[in-house]
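The next block holds one structure in the form of structure tokens; read it before the comments.
By written order: A, B, C and D. Residues from 1 in each chain.
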Amino acid sequence: MILNDVAPVWIRICLILVLVSGGFLLSSRSLKNLVRTYQFQSFLLVLIALGLVVLEEHTILLLVAALTVVSKVWGIPACIRLIQERIHIQQDLKFSYLRPPGALMLSILIILLVYITFAQILEKLYAASSLFFLGSVIGVSLVLMGLLAVCIRRMAISKVIGYLSMENGVLAFGLFVTELPFFIEFVIVIDLIILVLLTSIMTVGIDSSIEEYKSRLEEFHLLSEEGGIA
Amino acid sequence: MIAVLYPVVAMVILLLQLLLRTHRSLSLLGVIHPVISLIITLYFIVSPGIWDDSPFFLIDHMSLFVMLTTSIIFAAAALYAVGYIDGLVRSGDLEKRSLRIFYFGFSFLLAATTMAIFTPNIALFWICAELTTVLSAVLIAILALRATIDASLKYIFICSTSMLFSFIGIIFLFEAVRNKTGVGSLLWTEIVDEAAGLDSGMVFIAFVFFFIGFAAKSGIVPFHTWLPLAHAKAPSAVSAVLSGAILNIGMYGILRMTGIMKETGVFGQVSVLLIVFAMITISVACLSMLRQKKLKTLIAFSSIENMGFILLGIGIGSPVALFWALFHMLSHSCIKAGLFFSAGILHRQYKVPTRTGEDEIGDLLLLQPFAAVTVMAGCAALIGMPLFPLFLSKVGILLAAAAISVWIPAIVLLLFACAGVALLRFYLPVMAVRFPAGEGPVPYTAPLSMKVPIVLLLLLSIMIGTVMIPGEEAFLAAAVADLGFGVQL
Amino acid sequence: MIGESFIFALLNVAFVLVISPFFMMVIKKVKARVQGRQGPHLLQGYYNLAKLFRKETLYSEYAGCISRIAPYAALSILLVAAIMVPLFWIPEQELVTANIIVFLYLLVAGRLLIALLGLDAASTFGGMGSSREMSLSAIIEPVTVVVFAALVYVTGSFSIHDIFRTATTIFPAYNPTVLLLSVPLFILIIVETGRVPVDNPETHLELTMVHEGMLLDTSGRNLALFELSHAVKQTLLMAILLNIIVPAGIALELSVGALILGGVLFLLKGTVLCVIIGLFESAYAKMRFFQIPNLFMIAFFFSILTIFIEVML
Amino acid sequence: MSEIFLFIVLLYALSGVIPLCIRKKRIWSVSSIIMGGGGILLTLFSLPCLLVSSAKTILFQGEWVTFPICIGIDRLSALFCILLGMLSLAVALYTPGYLDRMHGNRRRYVVSGFIPLFLLSMLLVILAGTTIAFLVFWELMAILSFFLVLTEFEEEKTRYASLFYLAMTQISTVFVFLGILLMCVSTGSWEYPSHLSGSDPLISLSFLCLFFGIAIKSGVIPFHKWLPHAHPAAPSPVSALMSGMMISTALYALLRVVTGFYAPNAAWGFLILAFGCLSAVLGVMYALKEQDIKGLLAYSSIDNTGIILIGTGLWVLFTVFGSPALALMAIAGAVFHAISHGLFKGLLFLTAGSVCQAAGTRNIDEMGGILVRMPWTGGLFFIGVLSIVSIPPFSGFIGEFLIIMSLIGGLSELSPLLQIVMVVVLSLFSLTGALTVTTFVKAVGLTFLALPRSEGAYHAREVPWPMYAGPAVLALMSAGLGIFSGQIFSFLGYPGLLPDLLVLFLLLLGTSVLVYVAVWSYASRKTRITRTWDCGMRAPSSKMEYTGSGFTEPVVRFFAPVYRTRICVTREYLDEHQCLFRTGTGSIHLMKFFEECLYLPAARRIDRYASLVAALQNGDIDRFVLYVFCTVILLILILGWSA
């Protein structure tokens, strides 16, 4: 029974931590740390799922937690590490449009914006303290922060991590809609496929961000535009 | 249970494609699959009595209509691919081992598209739509050139990130339904039934988020950025499918969602939102067209323009406008696919890469009279000349728009004029370029299988542009009614 | 009635043909007198024509059929125009329409033929003449039309016959508009007949000639025809001015006495006008070609003024 | 009735399809015979409609996809149908010969196939009975003529012309389309409305849209600029059709719209009148300066459009201010002039086309002496000129005459303000007439008379007989229409509008004969052909003749404000300090005011916006994601704001 009282607090703490990890994803410059943060974020989602199991007794959430552990805490990070080793890059120092401090400020604004917006729309239906409301705010904020990461990070590999974190945001939101998770898992599987595809394409020769890779090719006169009418 | 044939056929074809080895058999399977789909679809269309027999499929006028468009385009593209891919392989552009990936991907793409159209579940629909992104990305990158991989990566990044928002939208919708009835639902039909009393705030959030993803899928500005790259870099058979079928999936999603919105209290806002996006899309696309130097990029921008126009029809939301929006969808697919096919022939003729990256077309009427004429006809069709169907939908949608505001048709027409000028401004100088004697490329003779689909599609579009096929009007009207937009025309 | 019209046409045309050379000579005589010369005999015009008709006709070897046709056509057009403008007798019925617009356009037709003739012989002077002639006519045309429009407006009729008939009923002194109209009409005569200050019919100087430039390559009977048509045109325009300002004496019905009276009076009036024209010519120097529009503007101003005055009164 | 009509349509369609499908040598002769037959049949078919009935006869009614299509003929459309029939006949006679001498193989089939289709589209525009049908055929007409202009696409000038044409056509379409949409919105049907009036702004707006759309198509200044580019660029039979028929079709549309669709409104009358005056005066002024003979004719079409517009505008004003007699006169003048302009402009373009083909140039300054070499063609051209400069018994005179009469008549019937307008219009109108004469003296004189000024002109030979038989039909029509105009008008039920020009014509003929006989019998018959006046030169050459620019120089000086010139100088120096002058060029260009100050700047501005917009697509994925990001944030803001 204590668990029942602890669980909401537990979930809240985890949600806040998810946001913090999102911020970290925006600002970290070491690729290794990025992957670790992502791992940590996914782990937090597992914890949230467990908390929800206690609270709402949906056993299917256990399945979700297990799948998350397998894919996100272990599988994908391992895969990314593999690629990282191949391309011999440890640091991601290049940003476009915004430097990390600015991005962090912006993400605070984003959270505020999402909070205010959702509060206005959802206040009639949910108490401000309801988990669904919190989940939606934090989930959408995380998605937006992930998008911001995709936008400002120039290396493709960091972009991928940004994308993955967006997905975590969707999952975080989805966890609170108790009947959905089964589909959410499907989503993950699909996006895993995308990821595999992405990485396999990228290993064709990518070792830096997409735009740079083009210019580098040009530098070595390797670029053979297929030209023609296209 | 005839609908089960779709997945069954797909399975069989996919399996066979894994097993069979020869190029010929692969391409044959590639043609058979869409043709069978087309036949099944036609069978469904003529026998409305059996629609309800298939429990796991959402079969109504709307989905059948989109499926019809899709299978026509796929069938034409598969036929075209027979000659086209063969040429690519012979010239060494496409590696032999990629062949299987191509055909497998192609059939799988059709299967995914079919499932997306017929699934009754929104989340499944979303997943299938995502699958089509992945599969078409594979097809875009099939030539394994840097530029194509680059384009395909951008496609995936933009589409997938945007599609995640759609999923948030779906979750909101689910929650909204649950809020009303206590039990959440993801079935299109059930949501439409429950739509009337849903909380307007929630529903609007759901719509906006849902729209983001599917707008990206159908190339609505500002989510369109992947489209000119992907469509231009892809092999022409794939470009045609992308423009003619995959973009429609995005529109299909928006259509169904707008149908749900019609029942709720927020349709006014939705309508404004859609019209604003449509106008932005048309403006950006038409103006961008003026500056394009490559044929396929130009055609790709024109796809954006037309998607914007369909969106305008949806945004207006009157039955007439929706009727013509659907009509526009079908006709645009046919014309655009034909145009990409013709561009493909030109591409095969003038594939010599140049340092400048500019097109180097010359002796057009001497070397490729067929392609030259069909490109011209396609351009005329895109400009919206009478006898071609786009003219009709232009009249229909703009008439509905004029009832809302005079400015909409005025601006749209001016922009269309820009687009028309852009097409010809590109094409006229190209027509007249002459190579110095003896320096021109070797004439490329397009095989019959590449020419037939072009002619067929052009004929088809002229047919739907000049006569109402018996039952067509009623069918389209019923499709509009399926969406929840009343029946009066 | 038709018979009467025929008689009128024959009489009028014959009269015009007969008196036109005379008027030309009167002007020449006046100018010569003013310059202190004796001047030609008053019948010299007839002698000239007779001489020219007897002479051999030369055609340029480059000239085409225009040179052959134009002289006859020009004269016939003016003769038809002459049927429209009654000099001394206004018949009951018009044989051919006397519409003032038709009359104007007939004059244009004559001008077109002469201008083409100037170009036909492939000589530089011809081209120059026709270029100048057409340019001048381009800017005088609005003036002409507005003058005649004012005339129509004042008299309320399009037919020249009716205009004249109305003119007999109003006494010009009481009608300032008619007097005002006489100024532009007079300028019109000056311009249309190529008089100083617009053109100088006496000289064949490259710098000044307009009308003569076009006729430089014609000779013999062709030249005679052109001289005659030029004279006829002048007489017709003079008749319009005269019969509006001083309509006195013009016969309104067919009787020998009235006709004779009308003819004699017209001869007198015409002579006086010719004297005035001669004096006017002598008083002015030839204008620079590009200054001529100023003169036209005066005419334009007066004709528009006429209309406005008529509106206001 | 409708069977005959369908048969005519079939004939036209057949003659269009035959050369497109069958690639046999000289197949265009067959196609032309069918087309000529169609033309004759069409004329015979429309004649009873013109003479007998004034009510509308429905020829065909049906649905095209979901839109109602109705085809019907009434008096106004019958009139234009006859014009179309006659032009078809003339062009059918003319085209095979022209195509035989044209270079390029495939395009000849295309041209001969598209001409009947183009004619058919115009026929259907004229007969259309619903706005949507009108729009459809209007568009078809535009696209077909575009392809015909494009015939000689290898030439830079032609491509420029056709692109210009396409752009203007598109804009015209925008307006017509919009006008028809608005009309449909305000009346709720696709039927031709009748005498719409009311304070609904939609109605005024739809009128303005239709007016501007049609004005662009008929070459009204300042929307004219495509016309002098496109008309000369097309092959001559096509130019003849474009200038003779397409403009007439547009004017038919204008007449239909102004007189039928809307109740007259004074403001619109002034608008039409203003555009008419502008077009008439500037059109002829540009024509005067043009050195390309087909360009000159094209500009003169603009001028004639202006005249017809003036007539139409006057009709509106007179109707509004209550002078029905004058209104009738003005509109009769406008309609008659539209028809006769179609005839004589077709004639002029066809004959000019023969000349251009024979001399191998379109530049007036390189021609000369053509009349001796091509007497038939030259003679027919001369008849066309007599008509266009409105010499009395010819048809061009009638329209101008009626309009001038109504203008002068208006002086005495209207209020002072309107009188001032009338005076201004009258003087501009007569200026136009006079300048037209000057223009065509230049065109005839420098092209046909005197010595040839180039090798091509020297070797020009008369064309085969069908190529002047075609124009001869038009010449006959054009003269006959004028001579019998009084009778025609009274037959149509408007007696007394016109003086009897038949008498005038007979008198002219009689007098000429009399004068000739008199001179022949009494004067000396001695004639010598010699060198008349050679300025002391031994061998006067064609270089001494007046050139086109020399001929028009005085007018250019008189109207200096209209003809703005620009002096271009280039210098080359031997050293880099630019001290030692090596060579250079100097040239004076006539400024193309509308092109340089209106169209090109506008196009450049659009292009600039376009490149700004196109720069959005810069290929950088970060930027692309940024768009998505910003849009999402924006949408969330909107969500919050709208809640």
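One rule holds for everything that comes next: a contact is a pair of C-beta atoms (placed from the backbone, for glycine too) under 8 Å apart; a residue touches a chain by one contact, two chains touch by 3 or more.
Computed from a prediction, not measured in an experiment: that's the story for all the values here.
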item	value
Chains touching both subunit A and subunit D, listed by label	B
Chain whose mean Cα position lies farthest from subunit A	C
Geometric centre distance via CA averages, subunit D-subunit B, whole Å	43
Centroid distance [mean C-alpha coordinates] between subunit C and subunit A, Å	99
Between subunit B and subunit C, centroid-to-centroid distance (C-alpha), Å	78
Interchain centroid distance [CA atoms averaged], subunit C/subunit D, Å	36
Sequence positions of subunit B contacting 2 or more other chains	153-154, 157, 161, 165, 201, 204-205
Shared-contact residues (touching 2 or more other chains) in subunit C	none
Contacts with 2+ other chains: residues of subunit A	120-121, 147, 150, 159, 210
All pairs of touching chains, each written as two labels joined by a dash	A-B, A-D, B-D, C-D
Subunit D contact footprint on subunit A (complex, rising order)	96-97, 110, 113-114, 116-117, 120-121, 144, 147-148, 150-152, 154, 159, 210-211
Complex interface listing, subunit D residues touching subunit C	368-369, 371-372, 375, 386, 389-392, 397, 401, 404-405, 407-408, 411-412, 416, 419, 423, 426-431, 433-435, 437-438, 440-442, 444-446, 448-451, 499-501, 503-504, 507-508, 511-512, 514-516, 519, 522-524, 526-535, 540, 542, 544-546, 550-555, 557-558
List of subunit B residues in touch with subunit A within their complex	93, 123-124, 126-127, 130-131, 133-134, 137-138, 141, 143-150, 152-154, 156-157, 160-161, 164-165, 167-168, 171-172, 174-175, 178-179, 183-184, 186, 199, 201-202, 204-205, 232-233, 294-297, 343, 346-347, 350-354, 357, 359, 361
Subunit B residues touching subunit D - in the complex, by the definition given at the top	153-154, 157-158, 161-162, 165, 201, 204-205, 208, 212, 216, 222-223, 225-226, 228-229, 269, 273, 283-284, 287-292, 365, 369, 380, 383, 385-387, 391-392, 394-396, 398-399, 402-403, 406, 409-410, 413-414, 416-418, 420-421, 424-425, 428-429, 431-432, 434, 465-468, 473, 489
List of subunit D residues in touch with subunit B within their complex	63-67, 106, 132, 135-137, 139-140, 143, 150, 153-156, 159, 162-163, 166-167, 170-171, 173-174, 177-178, 181-182, 184-185, 202, 205, 606-607, 609-611, 613-614, 616-617, 619, 621, 623-625, 627-628, 630-632, 635-636, 638-639, 642-643
